[in-house]
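As written, the chains take the letters A, B, C and D, and residue 1 is the first residue of each chain.
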Amino acid sequence: MPEVLLADFQVKRLEVLNEKGEADPELLPELSDAQIWRLYELMLLARIFDERAVALQREGRIGTYPPIRGQEAAQVGSAFALTKQDWLFPSFREMGAHLTLGYPIPQLLQYWGGDERSQKVPVGLNIFPFCVAVGSQIPQAAGAALAARYRRDPVAIVTYFGDGATSKGDFHEAMNLAGVFNLPLVFICQNNQWAISIPLKGQTASASLAQKAVAYGFEGVQVDGNDVFAVYRATGQAVAKARSGAGPTFIECLTYRMADHTTADDAGRYRSGEEVAFWAARDPILRLERFLERRGLWSPQKREEAAAQAAALVDAGVAEMEALPPPAATELFDEILATLTPRQAGQRKVR
Amino acid sequence: MAQLNMVQAINQALAQEMARDDRVLLLGEDVGRDGGVFRVTEGLLERFGRERVLDTPLCESGIMGAAIGMAAYGLRPVPEIQFLGFTYSAFEQLFAHAARLRSRSRGRYSCPMVVRTPYGGGIKAPELHEESTEALFCQVPGLKVVVPSGPYVAKGLLLAALRDPDPVLFLEPTRLYRLLREEVPEEEYLVELGKARVARPGSSVTVVAWGSMLERVLKAAEGYDAEVLDLLTLNPFDSEAIIASVRKTGRLVIVHEAAKTCGLGAEIAATVAEEAILHLRAPILRVTAPDVPVPLAKLIDHYLPGVQQIRTAIDDVLQY
Amino acid sequence: MPEVLLADFQVKRLEVLNEKGEADPELLPELSDAQIWRLYELMLLARIFDERAVALQREGRIGTYPPIRGQEAAQVGSAFALTKQDWLFPSFREMGAHLTLGYPIPQLLQYWGGDERSQKVPVGLNIFPFCVAVGSQIPQAAGAALAARYRRDPVAIVTYFGDGATSKGDFHEAMNLAGVFNLPLVFICQNNQWAISIPLKGQTASASLAQKAVAYGFEGVQVDGNDVFAVYRATGQAVAKARSGAGPTFIECLTYRMADHTTADDAGRYRSGEEVAFWAARDPILRLERFLERRGLWSPQKREEAAAQAAALVDAGVAEMEALPPPAATELFDEILATLTPRQAGQRKVR
Amino acid sequence: MAQLNMVQAINQALAQEMARDDRVLLLGEDVGRDGGVFRVTEGLLERFGRERVLDTPLCESGIMGAAIGMAAYGLRPVPEIQFLGFTYSAFEQLFAHAARLRSRSRGRYSCPMVVRTPYGGGIKAPELHEESTEALFCQVPGLKVVVPSGPYVAKGLLLAALRDPDPVLFLEPTRLYRLLREEVPEEEYLVELGKARVARPGSSVTVVAWGSMLERVLKAAEGYDAEVLDLLTLNPFDSEAIIASVRKTGRLVIVHEAAKTCGLGAEIAATVAEEAILHLRAPILRVTAPDVPVPLAKLIDHYLPGVQQIRTAIDDVLQY
C-alpha cells in the first residue's frame, strides 16, 4: 500500500560508428559499399552546398541563410531511409535531407534568395514547404499521418525539427496526438544543442530529449547524430514501424550546429571557441571517411573527385538560380486562393 | 419540406456531404461519442465510424494543425473548435498556415477545410463562450469567413464551404442554434459564398448585419422603409451589394455584436467612405457592443446591441 | 558502443489510506485528530456546497455549473497543505480548494451566477480568478513562480488543472519553464479520468500522467486522489520543496468525476453506469469516514451534525448571494483599464 | 545630446527604467547573452544580471503567460517576442488573459507589462519576419498598442509604456531600427500614450500614418500642403487629433503597410465617416498593402506602399 512503483522507463542511445571510424558489426545497417559511398557523396554535397550558400549570402546573392554544417550525418542518414512516397515536414534547416531526396539545388537556393516561386515543391516529392515558425509544422505532420492511416497508405510521415522546437506547445500537442492515434509518424529532432543563443540546458531541464517520448506513451531513442549509420538505422526502423501501422517513434539525433545560427548571427557572442573546436573534431564527414578508409574505399584523391563532382552540381545550381528572371509584381497574387476575391482581383489590376 | 432548426440543418449538411464525399471527415473535442456539446454532430460517429469522426484530445492548435496536414494530404477535414474563444490558441496555425498553405507552396498544396465553431453571445455561458471576434479572422488573406443567420442559409452555406477549395471559417451563432425553425429542403443546395442577401427590401436606409444580429435588425426595422442586408460571408464581403443599396438609400447603419473598435463594421464603413461617399446623406453609424471584454451572463444583455439601439441609429441617420 | 542505456526513470504512486479506511502508519501525515476532523468537515462542506450549486442551477438561480463530486479529497487534501501566502492558479473545478482556503461561499455562487463582480478575489487570498480556457492558467503560475523566486519570497505557487489540460501546449510550455528555471511551483493535476466525453485513454497514450514529468527533468508522482492523506502528504512535501527553493513537482491525483461535466452535460451519453457505480463505491468521503470510525471519531450522528453545520453555512451563502442587487450596466466598464480610453468613456456615458 | 538610432534609444529607455525600478525585468528568446537578435537588449544582462534579464526557452505562449503571472505578482515584465509573426501562438494569453486580467479580477490583479516586438516589412528577412498585423491587437479591449516612428519618440513612448498600469504592445518598426539617428536626451522624458503628433502641418489634406510608413509619407508630402499626423498610439488612437485636422483640410488619406481589409485604416476611416462626414470634401482613401500574405524578399517592395502610391492618393483627393 505505501509508495508503489507505477512504471519504469529506460531510455536508450544508439551508436554504431565510433570516432575512429570503427563500426559495431551487429548494428551496422545492411548497406552495400555503393550505398555507403552514396551516403558519403550526399554528405559532401550537403557540406559543399552549405559552404556555397553561406558564400552567396556574404556576396549579397541570396538572403539570410541557416547553415547545416555539422548536421550532415543526421540529415542525410535519416532522409536516406525514406522513399519518395513518404511525406516530409521539414523545419528550415534540413537542406541535407532535401538534397538526399533529390530536391533541385536551384530551387533550394532560390528559396533562400527570397523568391516565392521556389516554394512549389516538385511533383513527385511529398515535401512540405520550409517552415520558419518553429515547431508549427509538427502538428501538420500528425494530420498527414492521420490522413495516411485513413487512406491505408503504407507510408511514413516524417517531421524534422530542432531542440528549440521541443519547448513549443506544437511539439507537445503533436506528440500527444501521435500517441493517442498511434500514428505512422516519425519525429526526427535535430538536437544541435543550440537554439540561436540558447544552449540545450537553457531549453529544457531534461537530461535527454529522447526521454520526452515517455510523456506520450511511445518509444523515444537518442542516436549519435554525427554517426550516419546510427541515424540511418534508427530512422529505417522507425519508418518501417510506421509503414506497418505499429505507431510513432521519436528520434533524437544528438549533433552540433558548427556554424552560426544564420548568416545574420554571430555565434561568437554566446559560445566558446573550445566548444566549437571540440565538435569540429567530431565532424560527421571525417568519421565516415575514417570508416571508408578502413574498408579501403577512401583516399584523399577520391575525396577530391567526389568534392569536385558535388561542386559542379552546386555550380550548375547557382547558375540556374541566377538565370531566373525576377518575379513580377503580380506574382504577389498568384496562388493566394483558387479564385481571387473581387478586392484582390482589383488590387492585382493596378500592379 | 422539413422544418429544421440550425443545429439540424448543419447536421444534415455534414451528413450529406460525408455520404457524398469520403474525403470529408470531422475532428474535434467531443464531436464523436457526445455528438458535440451542442449536438451538432450527433449521430455522425454512429453513421460514419471512428475514422471519419475523430474525438481528439484537448488541443486546439494541434487540431487545427492536424486539419491542415489532412487537407494537404487530400482530405477535406472539418475541425470543430468548441467555442470561438478557444480558437485564439490555434491562431498561429490558422493565420500563418491554413490561410497561407496554397501561397506558401505556390499551389502545390492547398487547404480545403471548414473550421466550424459556435460564435456570439446571448446564451448566458461562462467566459470565452460568447466571443464575436470575427474581424480578427476577416483580416487574414486566404481565409474565408461565413456566418449563417438561419437554418436554410446554414445548410446551403455549409455545403458551399465544404466544396470550397480553400479554408473557410464557419461561425455558427450559438444563440440561433435552436431559436428558429425554417423549411429546409432535404436535397442539397448551395448558397454562394461572397454574396449578401437582401433580407428585407427598402429605400430610405441600408442596414447591414449578420448572424444573430439579423433577427434584431429585422425587428428594429419594422415600421421603417429600411433595406436590410444579411451579409452571410464576412470575408470576402459583398461590397457591391452594400454599395448598390447605399446608392439607393443614401444612408448606412451597420450592426454587429462585436466590440466597435476594429470590428468588421469599420471595414464596411471605410469601404463605403472610399467608394460611395457622394451617395451618403448622413454619417455612417455603427451599432455595436462597447469596447470591453464580453461580460458574464448578468451583463450580457447590456453588452449586446438591442433593438432600441438599432432603432435610435436608424432614426439618427434618417433625421440627419 | 551498441545500444547503451541512457537513463532509467521510475514513476511512483502514493497510497496511504485504503478502501477499508486503514492507513499506512509510516505514511500517515502528522495531523492531530482535530485537523483530520477538519479535513472531514471541509470535504463534507465541499460535497454539500456542490449539491446545492447543482440544485440552484436546476432551479435557474445560477448558471452552468461544473460539479466537483468525487474530487473532494483531491481538492481539500491538497489545499489543506497550503498557507494563505501561497499563490493558487485554479482552473474552474476546484471549489473544494477555494472552500478549504476560506473563500467566501456567496462569492463562489455569485461567480457561477454569472456576476462579474464576484471575480474580485478577497484581499488576503492569493488566488487567481477561475480560468475557463483550459490550461491557460498554467504558464501564468510559472510566471508568478519566477516572480516569487526573484523576490526571494518563501512561498509556493500552486496550479490546478485537469487531465484534459495536459494535452494542451500551455501545460507543456509551463512544465518546461518550471524545469529550466527550477521554479517553486507545484502542478496539481486532478485526473478525474474524463474531459467532458473524452476518457483518459482518448486524451493521452501515456500510462500515467505522472510520467509526463520525465519530459521536463523533474519529479512527478501519482497519488490516489480519493485518499485525502496521500494527497495531503504529497502536496505538503511538494510545497515545502518549492518554498525551500528545491524546485517544481508534478502531482497526479487519480480521482473520478462522479457527476456530469457541467450542469449542461449529460454524462449518460458517453459512459457507463457501471463505471460510475464502481467509483461511487470508492467515494473519498466514505473512505475517510471509515478511517475516522476506526479511530472512534465518527458516527452517523456526528456526520449529521457536521452536515447540518455545513448546510447552514451554504444556506447563509445562498441567501447572501441572492440578496445582491443586479449589476448596473456601467459595471461593463469597471476595471477594464486603470483609465478608460476616451472611446470607452463615451460608451459608458450612454449606458 | 547624443545622436542615437532607435535600437540605442530603446536600449537606453530599458536600461534607465530598470535602474530606476527593480520591478522591471526582461524575458524572451535570446534577450540575454545574445542581447536580442537586433541587439536591442545588448549589455542589459551584464548590467542587471540573470534574474532581471531572462533568456527563455522557445515558447511564445509560455513567455506571454509567464509575463502575466509576473505582472500579477507585482513585477513589470517586458517580454520580447522575437518577431510580430511569432505572437500569433501567444494570442490566447495576450487576448484572453493579459488584456483582461484587470477586468477578470475586477481590479484585484492587473497586468502592467510591455510586450516588445519587431514589426513591419522591408528588411528582406524570411517568412513571418515582416508582419504588420497591428489591427489584430487594436481590436483587443484592455490592450494598448504603440508604434514609434523614430528614436526620440521611441524612448519617450517606451518609458511611458513601462509606467502604464496596463498591458502595452510596443511594436518596433524593424526597418527603422538603424535607419535614422536623432537627438535623444540622456535624461528621462515621457511621450504621452494616446496622443498623435503633427509631423508636418498643412491645410489641404490630412495624411495619417505610423511606424515606418511615416518616413515615406513625409517624402510623399513634399510639395503638397499636406498635414501629416504620426499616430504613435494605435489603440486608443487619437481620433480627436484626426478629426480636428480633417475639419481643417476636408480630406483624409490613411497610409499603412498592413493589408487593406480590416486594417487599422478601416477604423480610422469609419470613425471619421461617423463623426466628421460633413467636413469631408473627398472620399477617404487608404494606401495599404494588398490583401495577400506578406511576401518574401524579392516581392516585398511591391507589397509595401511606396512614395508614388501615396502621392497618387493625395492627388486623387485633392483633385476630387
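What we mean here is this: contacts are C-beta pairs under 8 Å (C-beta built on N, C-alpha and C of every residue); 3 or more make two chains touch, one makes a residue touch a chain.
For reference, the UniProt names are A, C = Pyruvate dehydrogenase E1 component subunit alpha; B, D = 2-oxoisovalerate dehydrogenase subunit beta.
The structure presented is a predicted model; accordingly, all values stated were derived computationally and were not measured.
Visitor: Which chains are shared contacts of subunit A and subunit B?
Guide: Looking at subunit B and subunit A together, the chains touching each of them are C, D.
Visitor: Looking only at C-beta pairs in contact, point me to the busier pair out of C-D and B-C.
Guide: By the number of C-beta pairs in contact, the winner is C-D.
Visitor: What is the distance, in whole Å, between the centres of subunit C and subunit D, each centre taken as the mean of its C-alpha atoms?
Guide: Distance between chain centres: 40 Å.
Visitor: With chain centres taken as the means of their Cα atoms, state the distance from subunit A to subunit D in Å.
Guide: Taking the average C-alpha coordinate of subunit A and of subunit D, the gap between them is 36 Å.
Visitor: Any idea how many Å lie between the Cα centroids of subunit A and subunit C?
Guide: The separation of the two C-alpha centroids amounts to 43 Å.
Visitor: Check each residue of subunit D and list the ones that touch at least two other chains.
Guide: 56-57, 59, 61-62, 85, 88-89, 92, 96, 103-104, 127-128, 141-142, 235, 261, 291-293
Visitor: List, in ascending order, every residue of subunit A touching at least 2 other chains.
Guide: Residues 116, 133, 136, 167-170, 173, 176, 180, 202-204, 336, 341, 343-344.
Visitor: Make each chain a node and each touching pair an edge, then name the shape: line, ring, star, complete, other.
Guide: Here the contact pattern is complete, since every chain touches every other one.
Visitor: Under the stated contact criterion, what part of subunit C meets subunit A in this complex?
Guide: Where subunit C meets subunit A, its residues are 1-16, 18, 22, 24, 26-27, 167-173, 176, 179-180, 182, 201-208, 210-212, 214-218, 222.
Visitor: In their complex, what parts of subunit D are in touch with subunit C?
Guide: Contact set of subunit D toward subunit C: 25, 27, 51-52, 54, 56-57, 59, 61-62, 64-75, 77, 89, 92-93, 96-97, 101-110, 141-142, 164-166, 194, 235-236, 239-240.
Visitor: Within the complex, which stretch of subunit A touches subunit D?
Guide: That would be residues 63-64, 92, 113-116, 132-136, 164-165, 167-170, 195-198, 202-204, 264-265, 269-270, 326-327, 329, 331-333, 336, 341, 343-344, 347-348, 351 of subunit A.
Visitor: If we count contacts the way the header does, which residues on subunit B are in touch with subunit D in the complex?
Guide: Spelled out, the residues of subunit B in touch with subunit D are 61, 85-86, 88-89, 91-92, 95-96, 99-100, 103-104, 127-128, 133, 135-136, 138-139, 141-142, 235, 259, 261-275, 277-278, 280, 282-286, 291-293.
Visitor: If you look only at subunit A, which of its residues touch subunit B in the complex?
Guide: Result: residues 87, 89, 116-117, 119-121, 123, 128-129, 133, 136, 138-148, 150-151, 157, 169-170, 173-174, 176-177, 180-181, 334-338, 341-344 of subunit A touch subunit B.
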